[in-house]
Structure formats: C-alpha cells, structure tokens
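Below is one structure; the comments refer to it alone.
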Amino acid sequence: MTTTSHGVREVPVTEAVLEVDDLSVEFPTEDGTVRAVRGVGYRLGRGDSLGIVGESGSGKSVTALAVMGLLPGAARVRGSVRFEGTELLGLSDARLSDVRGNGIAMIFQDPMTSLNPVHPVGYQITETLRRHNPDLTSRAARARAVELLGTVGIPSPERRADTYPHEMSGGMRQRVVIAIAMANDPDVIIADEPTTALDVTVQAQILEALQAARAQTGAALVLITHDLGVVAGHTDRVAVMYAGRIVETGSVEDIFYTPRMPYTLGLLGSLPRLDREEERLTPITGSPPSLLNLPPGCPFAPRCPLRREACDSSEPPLRRAGHDAHLSACHFAGELVGTGAADVFDTAGADSEALARFADTPPSTHAEEDPA
Amino acid sequence: MTDTEAPGSAGTHLPPADHEFTVRYRSRTRLVLRRFVRHRAAMVSLVVFVLIVLWAFVGPHLWHYSYQKYTPDNSQAPSWKHPFGTNASGYDAYAQVMRGTQTSLKVAILIALGSTAVGAVWGAVAGFYRGVVDAIMMRVADLVLTLPLFAIALVISSRSGGSWYWIAAVIAGLTWAYVSRVVRSTVLSLREKEFVEAARALGASDPWIIFRHLLPNALGPVIVNATVLVATGILTETALSFVGFGVQPPDTSLGLLVSQAQTAVDTRPWLFYIPGFFIIAIALTINFIGDGLRDAFDPRQQRVRQ
Amino acid sequence: MLAYTVRRILVSIPVLIVSTFIVFLVVINSGDPVANFATSRQPAPSQAAVDAFARHIHADQPAAERYWNWITGVLHGDWGPSVQANLDIGHDLFTRFRVTVTLVAASLVIALIMAVIFGVFSAIRQYSAADYAITFFGFLFLAMPVFWFAVLLKQAGIWFNEQTGSQFLGTIGEKSPYLDVDTPWNRFTDHVGHLVLPTITLALVSFASWTRYTRASMLEVLNSDYVRLARAKGLRRGKVLVRHALRTALVPLTTVTALDVAIVLGGAVITETIFQWHGMGEMLVQSAQTVDVYRTMAWLLLSAVVVIGFNLVADLLYAVLDPRIRYD
C-alpha cells in the first residue's frame, strides 16, 4: 500500500474501508437530550486521509468514539458504521473488540493520561499485539514492540520499552500511543486531536511520527483537529463540523480556496497566514449553540454575518457546491464564490469583542460548565 | 477559530477585584443552589433535618411533660398520652428523646462550627503564607490528626462532668485539623489566581485578602466538610455518652438514652429503637445534604462524558 | 527500599515522642487520681497515706520529668505504676492486646474484602439497581451508631442460639469461661463463635466508608483515558478491569485503610464494651474511670505504634504497587 500524495482531488474509487452513514448520537441528561452528532456521514477509501475540523463541542470526538463503539452506555447511537463492509453498530462488544486495535486503531488527545501509569510502555504495546495475535510468543511480541518504538522515533527503544509512562515527556508518550495504534497494521487510524495537548515545537514531530506509521501500515487516517493548518499538510480531504453536523466537505483545495460555507470562511479568516500580508484576523463572534433543544434553522445563523430570513426557518442540507465531491450546507452557497473572510466578517470589532468576552468569563474552575 | 482568550489581554482588562468577586459570587451561589435543589435525596434530607431541629428545639416548650419529670406511668408502651412510651422510672420518653436530640444536635453543631472556624483560619493562614509558617502549622495539624479521636476524647471528657459544650470543645479540638488540610489545599490553589493578584496590587492587607477573598472562595469544600463533621460529631458524642464518658444524667443525650435502654431491648423495645432511629436519621440526612452540596459545588462528577 | 524503610522508621520516632508528650500532658491533666484516692476510700486515708500514694504514682513530679522517666522506663520494660495495687501494666497490656488483635485483624480483613467486592461491583454497574442499593446501604451504615447496631446484633445472636438450640454465637466475652469438653477443636469453634458478632460490628463502619471510596476511585479510573485506550486496543471488558482498572483504583485504598486504623481501634473500644470482652477496650475505659495515667498512656502508646506501623506498611506497599512513587 502506498500513501496517497497530497492534493489528489478525486475520491479514490477503490473499495471503502470505513463508511459512516447518517450517524447520530444523543445523550440523555437531566436537562433533556443532547444531540451531539446529527446525521454525519463520510467514506474512507483504502489509504485515504480525511481531516475533521471544528470547534470543541461540534461532535468530532463523539463521532470518532461512536465509530469505535466506545461511547458510554447511556449514549443512543443511530445510523450506520461499516468497516470493510461489516456493520459495526449493534455488534456485540466481543465482536467489536476484535476490530478495535486491529482493524481500526485510535489515538487520543492527551498523552499524559492515555497510558496506564502502573505498566511499562513496552507491556502496553505487547498487550495489544498479543490480544490480536494469540500465537505470538512473548519474546517475539517484545521484539516487535521495540521495533515499533523505533519506528515512531523513540531513541534507544530497547531500553525505553521498560520505562514507565511518567518517566517520559508528553511527546514521547504520544509516540508510544502511536506505536500502540499501528501495532497490528490497522486499516484505519483515528487520531483525535493528537497534537493539541503538546508543545508547538513537538507537534510537527508527532505528525511526522503519525505519517511514518501510515507509511508503514498503509492505514487510512481520520485526523480530528481544530487546527486547519494541521489538516492542510496532512490530509487529502476535509470535513468541517458544526453543531453535530458536517457543514462543508471537499478536498483540501476546495476548502481552502473556494469555501462555500460562511463558517468555513470564518475559520479560515481566524487562521494567521503568512502569504497575505495586510489582512487582519477576522474572528467569528459569539459561541457555538447548545446542542440541547437546537432551534430550527441553520445552527450557525446566530453568528453568521450573511444571515437572512430563510436561515432561521429551515436547516440547509449538505448538497453539491461547485463539483460532485464538494458539498456545503448553506442556503446561499452559490453566492459565496470568490468571497474572502474579510469581505464577510468584521475585523474592526474583533479585539473589543474578544476582550469583552474575556471579562465575562469567570476565572474560577467551578464556574458554569463548558457546553461541551 | 474563536479563541478569545488572547494572551496579551489577560492582565489589562480585569475589573476591580471586589466588583468582580461579588458578581461572580452571586451568580455562582444561584448556580450551586439550583444544582442542590435538583438533588432529590439532598432536598428531602434537608426538609427532614430542619423538621428534626425544629422539633428538638421548639418541641420541649410545647410538650406537657418535662424530660426530668416523673409521671405515674411506668414502662408503658407508646400511646397517645406518651407517643414514645415511658421508661421503668416513669419518665416520658417523648420528652426525653426530644431533650436528647436537642443535646446531641447542640454538641454536633458546635463541633462543626468550632472546628470549621479554627480549621479554616488555620488552613488559610498556612496556605497563604506558605514557607516556614505553613510547615510548622501543618506539622501541628498532622500531629493532631494522628491522635486517636475516640480514645483521647474518652480520656479527656471523663473530666467534663457531662456538660455538653465541654464535650463539644474536646471533640472539636481533635477534628479541626481535617478542616485545616482541606482549606489549605484550596487556598494554595486560589492564591495564585488573578483576583488575589489584583487585590494585592490594589494594596489590600493580608487579613483582608484571607478573609475577603480566599476564605469565601474556599466556601464549597468548607461547607461540605462541615456536614461531615456534624455526622462525625453526633456519632462520636453518642458513642461517648453510651460508654458513660459523655453527657451525664440528669441531662440526657441520644447516646445515653440508648445506653440506658440496652438491657431492655426485649421488654421495652421503644426505649431502645426510637433514640437509635433519631441518631441514624440525623446522621443520614446530614450525609445526604453533604453529598448534594458536594455535587452542587463540584458538578464535574455528574457530567455526561463526550 | 531498605534504606527508605529505615529512614521512615527513624522519622516516625520524633513524631511519636512529640505526640506522646502532648498526650501525656493531656492525660495527667484529665483528672486527679490523688483526690480520687483521698475521697473514695472508706475510712478516709490519712494525709501521710495520701502523700505516699501521690509519690507512688509520681504525681509529685513536674510533668516533663515525669514524662522522661516514663518513656525511658518503657524502653526498659517498666510501664510505670498503676493506681491499682498489684497491677502490672505491661503484662495487662499485652494480655489484652492478644485478645483485641484477633478482633481488629479479622474485622479489617473482612471489611476490606467486602468493600472491594461491593465497591467494584457498584462502579462497574453504575446507576443499576444494585448500585443504588449498595449506595443506600453504604449511607445507612455510615449513619449507624456502632453501639446501637452492636446491641441489635447481640439480640440477634441470642435469638439465633435459641432457635438453633446451640451456643455457637457467643455474646458475652471473648471465650466461654469453661468448656464441657475441652478439646483444641472445641476451643477453636468457641473462639470463632465469640468472634463472629463483634467482628461484624466492627467491620461495618469501615466497610461502608471503604465501599464508597472504592466505588469513587474505581469510577474515576473507569472513566480515565488509559482505560479507554485499553478498550480501543481491543481488550475485552474483563481483562481491562483486571489488568488496567483494579490495580490503579485499589492502590490508594491502602493509604485510606491505614489512616482508618485509628478509627477502628476506637470502634473496638465500643464493641468490646458491649460484648464484654476483656480486651484493650475495657482497659481504656477502666483506666479513664480510675484516672490511671500510666495505664492510659500504655494504651495510647501501643495504639500509636500500631497506627504508625500501619501507615508505614501502607506507604511501602504504595511504593511497591505504584511505579510513580519513588522511595529514594
């Protein structure tokens, strides 16, 4: 299997390894039902890479956990998740755990808490190897674990295999997590904000390790992030999520150069860019809606500078914008051709707005819960 | 991305500390109250507990028998005349349980108030000044924590002569160290917060910062801890009284009543069960109230994970 | 490891000295045995006899000197004079310690095992009917006064014996005064029979709080990222529970157990009083009643050593079980 080079516009027509269709997830809470994911769908061909972008609370991580079957028991999941043609939703936990870590592997956000503090890192790798390869001897598993640690760029892996997670830095720990994910040559790796908790200087190295893992296993990648910059360099296609839905999807070029959804425009506008000098950053004001009792209409409408009457009455479906592989969920997608963020979003009010919000934010950790 | 907390804006746009504190405090109180009200067991417990307190303190003034007055009826089972029956000497058990509940509650509440006051100030001062002061003060607290509460209380209160405030003082003198630990750790994390920095920048004195800023913000854990202390207090006092080192006749406490009735479980069961039920009811409701408060102050435990 | 142990023991010694000194001051001021002696005897003793008594129990010495003489005496096996004539405090202490230690050890072990079973079960079945039931009974037992429950159990034991026509459940004392057929087996069953009810009593309180602690600790671990990663690796629930959750969740329980040993010792005093055991509980009650300073101090010193010992063992165990803790 070869890695797809960046910039391939067409969706490969090879068989799909992972197909997510009309997935929805609800959490019953004391205050009512939280609709965290509302009809998300994507298709991942062999070796494909898809970036899922959105603010916290947009349903990116919940979608990933739903695919893995790792949501808490209270969650209500509907729709379809097919892995190599097999429907995963409704599968018994025993059957699912044969797929987890073998067919689909996952990397979590915080390497500081992802590894068990009481087991050496080598053990935590051999554990997954031996789970899916019962015939593997402990000696062979150990050799493979050391090899994997080397692949993800851990110096003197032979010695490091016996150390405990607390003796490693965050970056090193995330490499171990990547080694665990690639251990059984999975077909899909889902990386949930793998670099968010790390220092900026380490982020690039971790993404490199992730690329090395993909190169060796040929796995398709779902890269969940809130950082458009990460997506640009590491995936072929992008899905932008907002309020539990995909609001725009297309190739990296589609999203970056011809966005057809005001929210995507806003995200791009708040991304610092070195190639255009004079532009100021244009933040999106306001905050994402509560996923409890969503009002009818477009969920982005309250923050949208292009809001019109139609936006409040019906929620726009995800439909073709430009060409077949570029979809957008905006009533007025057609009008956005050739529009930049600065044309739509206000730059002048940005700083004062941000400061006003900061002043309203209670500094206490006990204050109002995050809507996420 | 709508990341509004730009690092450059942090220091400059803080409102004056006092103003900020009151606004935040009020909204947080409302929030805590709302969460507490939704905790059903805690709300029911609060009602029951308040009713018991009212009954114990107001009831004796309305009831026609005194706890220390003989009646001509000996060893009577509960009836309309004596709802909780009478004991072998003819005392009205209803009046006695009322009095015992009152004494036990007084002791428990005094323990909670006393050790909370001492412990909170002790912990706040230690956490605020840190360094040597902290080291010395916390070693003292640790030392107190190693003393076996019940045994020491038993030894000291043998001298009390049975007065309820002395028993309360002895137990509070051994339990304040728990509070000081809790408050100290909260204060240690709070003292680096912006509003403390701001208050200091405005020239506030140390006691002002401790009492106006640190302690009110440590209120959550302190209140929760106080409920635990009420429960500990009532169980310790009744146990002491049961063994004979607590409240002494002619006064009475729930523990003393159980002790006097322990040989009569078969013959006059009402004398044994009723005061026991009251101890359980008080300790149980206060624990539920504490649990509700804990959840209300720290909602993280209930959150649906995403 | 050994160096760490030795250092921990050495650190414990000054703590023990300071805390026993404070306790000593408290105890000698908690009553006046000389006045007791002077007023409680019939006929009233002469002034000379009272003075001799005060000298006998060292009541005439300054506190610091008294403490020093006592603590150095203890190191040489001399536990000081009792207010009771012909009472060897050291002998008294260790005879009673042997009685109490079975009770305390049995109830600690039972409480711990039950707490782990119920706490873990409650956590993995969170919000189930069983979880609610365990939580409710946990709260109930936490609110239950030990002495009240003990009296009830005693009644239940008497009823059980009447129903079965046996004498298996002992309700008075730590053993029967005499046995009809004195064989080792009979002696053993008699001992166990007397142990049952007091052990249940004493286990109850710590069982309730440890169950709640285990449940909370287990829930935290079950919701942790590393358990989620272990599941994402494809490990089955049971395996994750045993290999990843239990170990990390139960390690902190060692510390909690050690801290609660003092509470269990206090509970033993009440339990022994109700079941009329001739153990350390009775000793403390008697010495407090008679204002017997050295007998009280002997009790407190032994319990302090036990508590410090438990904490030391817990710390060492913690260091062995949790690789994050270093002992150097």
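Every chain is named by a letter (A, B and C) in the order it is written, and numbering of its residues begins at 1.
One rule holds for everything that comes next: a contact is a pair of C-beta atoms (placed from the backbone, for glycine too) under 8 Å apart; a residue touches a chain by one contact, two chains touch by 3 or more.
Chain labels with UniProt names: C = ABC transporter permease.
Computed from a predicted structure; not experimentally measured.
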Task: Central chain of the complex, centres being mean CA coordinates - done: B
- [ ] Name the two chains that are joined by the greatest number of C-beta pairs in contact.
- [x] B-C
- [ ] Return the chain whose centre of C-alpha atoms lies at maximal distance from the corresponding centre of chain B.
- [x] A
Open item on the list: With centres defined as the mean C-alpha position, give me the chain A-chain C (ABC transporter permease) separation in Å.
Closed with: 54
Task: Between chain C (ABC transporter permease) and chain B, distance of the C-alpha-averaged centres to the nearest whole Å - done: 25
TODO: Could you put a whole-Å number on the gap between the CA centroids of chain A and chain B?
DONE: 48
Open item on the list: Multi-chain contacts only, two chains or more: what residues does chain A have there?
Closed with: none
Open item on the list: Going by the contact rule already set, what residues in chain B reach two or more other chains?
Closed with: 305
Task: Two or more partner chains touched - positions in chain C (ABC transporter permease) - done: none
Task: For the chain C (ABC transporter permease) and chain B complex, residues of the former touching the latter - done: 15, 18-19, 22-23, 26-27, 30-31, 139-140, 142-148, 151-152, 155, 223, 262-263, 265-267, 269-270, 273-274, 284-285, 288-289, 291, 296, 299-300, 303-304, 307-308
Open item on the list: Give the list of chain B residues in touch with chain C (ABC transporter permease) in this complex.
Closed with: 143, 146-152, 154-156, 158-159, 231, 235, 238-239, 242-245, 255, 258-259, 262, 265-266, 272, 276, 279-280, 282-284, 287-288, 291, 305
Task: Complex interface listing, chain C (ABC transporter permease) residues touching chain A - done: 224-237, 243-244, 247-248, 251, 321-324
Task: Residues of chain A that touch chain C (ABC transporter permease) when the two form their complex - done: 68, 70, 93-94, 97-102, 105-106, 108, 110, 113-119, 127-128, 131-132, 164, 166, 177, 180
